[in-house]
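There are two complexes below, and they share chain A, which is joined by chain B in the first and by chain C in the second.
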Partner chain A sequence: MIGVGGKIKQYTNVLDKPLSKGRQEVSLSAFAFLFSELVQYNQTQVDNITELERRLEDAGYAVGTRVLELLCHREKGNRRETRLLGILSFVHSTVWKVLFGKVADSLEKGTEHEDEYMISEKELLVNRFISVPKDMGAFNCGAFVAGIVRGVLENAGFPAVVTAHFVPMEGQQRPRTTILIKFADEVLRREAMLG
Partner chain B sequence: MAPAAPRTGDAVFASVERVNAELFTLTYGAIVRQLLTDLEEVDEVNKQLDQMGYNIGVRLIDEFLAKSNISRCVDFKETAEVIAKVGFKIFLGVTATVTNWDAEGTSCSLVLEENPLVDFVELPDTCQGLYYCNILSGVIRGALEMVSMKTEVTWVRDILHGDDACELRVKLVKQIPEEYPYKDDD
Partner chain C sequence: MIVCVAVVGHQNNPLYLQSFTEADDALKLHHIVHCSLDVIEERVNNPKKSGPTLNETFLGLLYPTENYKVYGYLTNTKVKFILVTTDLEVRDADVRSFFRRFHAAYVDAVSNPFHVPGKKINSKTFAARVSSIVKTFGSGAA
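== the complex of A and B ==
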């Protein structure tokens, strides 16, 4: 196929390339600059905070979809988890470790509702350089990470509603971020059937 | 005496906090996809990416100067080398080569063999006019403007368009004379 300027266009198929080991790194500030542009751009597209969080979550969802596919190939020999606790620990350990360089601080089951789980992080990477102005209330950039989690879960067959919240910590200046995962009914029914 | 400016950014890159390049790459991909959905026109996306890059460049130069220990460059040639060997290294962990100088020494090419932004990316037919990494040209333009250099940055080669490397043409348009915000006391 002839491309622009008479160049022969070669289709370089990403699937033909060997899968990278994923050890490459960029500076944290490069990511922080980029993420800040993502937030600022989305701010120009919305007129309320819910909408802004939804857009950040969408962006994260797209990342989550790809992360699941990539990690299932690379880390798990083309297998993916089919059980609830399996996929949760995959998110909490494998996904977190690859994306943020560490396992998430904690993974807990909600005490009041059977279908709720929480992943907590003392200092979430995306919130590190962000201070939310007072007039933006409960806005949390963690929505992006919530989107990543939802992208991984949903594409693995575990549809869920995932939200990010600030939880004030006693004796700490900054609140921690909790990612709340509420699974769809079908997930719990299937899990009960599997026993 | 101040320590000599580094000739490569290796030491600085080794000392700064780093994150997985895949998180960076996929996040960038998510941005590009959002722009394509919102703006629909590939040209508009190119413009928006360049604008975002410019905003980053304007802020990034401060961190660059603070961490790299580099002071004023004697000429544009040195500037280009610094961008290629120190700038790219500190932020993206890769280096570029500087080639194809014109006779006046005011324009050159930065060639990137490795580019973390293009991992996992394949341009569909509908996006052939897209300069996927256009954010980079904005960053360079914005950063140089902060050190009094007005430049034009254009894409010559792009791995995603089937070339063997990414090549950015950087042209020095003019040196902006420094204007001090204060008047000399009479």
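== the complex of A and C ==
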């Protein structure tokens, strides 16, 4: 350990050594178990899948607000994002990197509407150990990640509706997951004003 | 000598106000902090074209009043930190490092899953950390 003034401190007793910071990672299995418990707990509390999706999204929203504060503080040379593309690339790379260890697979702009953007991922980390039974229809546990994205966007000043969808891909047996982000009107007006 | 620090949320709701003088003037401090919010709004909405770029976090000296100086800092989520001090010569670097440490303490307080965003910060560890940061600020500035 380097002390103040650049002197190297020698520790005679191993118990005196300060605790190492450890690897900045959480074990995947621990997270998978915790997430499955979260889904199971919410399943017992609700009667239908829209309610379940909403609860997962709310849980994700709480995570999103805190992640935003934390990342903005850790980033060196921090600038407040005011542009749409800026905040989207922030979510797509920085937030994904911190949460899942890699950047998201792709970020696309929707063709039908001006205010839609999509972040897609071949397989969401949270869905890796989950298989949805047929009778739950189009339910996607990616609602949790959608909630995180919504939390980040809303607290950065870009209110949006964020949902998670499965998109079947030819040539692959598991469908790709897409997070669909639909921004509120005021965001588009502000963006147009900023030029 | 730092008189008080305050955290104001993005809807200009007060989240935390701590005074470090013995006098019981919390109301006056609330008032000073409230007035400084106007200055922040003005700085954020009308950036000086020749000044620093649009998205700086540290806003600098907001305005001097009677015998106080008020410094501001804006985070990415539009949460504002206000610092009120009676020191006459305060170094810019000191205030910046103060806000950096304050921001770290704030992030830790908000990461608490039991903290409801938008409500008052009721964490004792946050209060203790803020007091220790304030103490080191006083001794650091020569």
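To be clear about the criterion, the second predicted complex is superposed on the first by the 168 of 195 C-alpha atoms of A that agree within 3 Å, B and C clash if a C-alpha of one lies under 4 Å from a C-alpha of the other, contacts with A are read in each partner's own complex, and residues count from 1 in each chain.
Just so we're on the same page, a residue touches a chain if its C-beta (ideal position, glycine included) is under 8 Å from a C-beta of that chain, and two chains touch if they have at least 3 such contacts.
Just so it is clear, the model here is predicted, and its values are computed rather than measured.
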item	value
Partner chain(s) touched by A:70 [first = chain B, second = chain C, both, neither]	both
Which of chain B and chain C A:62 touches, first, second, both or neither	both
Chain B versus chain C as contact partner of A:156, first or second or both or neither	second
First, second, both or neither for A:79, with chain B first and chain C second	second
Touching partner for A:41 - first (chain B), second (chain C), both, neither	first
More chain A residues in contact - chain B or chain C	B
Which of chain B and chain C A:13 touches, first, second, both or neither	first
Partner chain(s) touched by A:101 [first = chain B, second = chain C, both, neither]	first
First, second, both or neither for A:29, with chain B first and chain C second	first
Chain A positions touched by chain B in one structure and by chain C in the second	62, 66, 70
Residues on chain A engaged by chain B in the complex (per definition of touch)	3-4, 7-14, 20, 22, 24-31, 33-35, 37-38, 40-42, 45, 55, 58-60, 62-63, 66-67, 70, 98-101, 125
Chain A-facing residues of chain C, complex	10, 53-57, 74-79, 103-104, 106-107, 110-111, 113, 117
Complex interface listing, chain B residues touching chain A	13, 16-24, 26-31, 33-35, 38, 48, 52, 55-56, 59-60, 63, 90-93, 116, 119-122, 128, 135, 159-163
Residue ranges of chain A touching chain C (in the complex, touch as defined)	62, 65-66, 68-70, 72-73, 78-82, 155-157
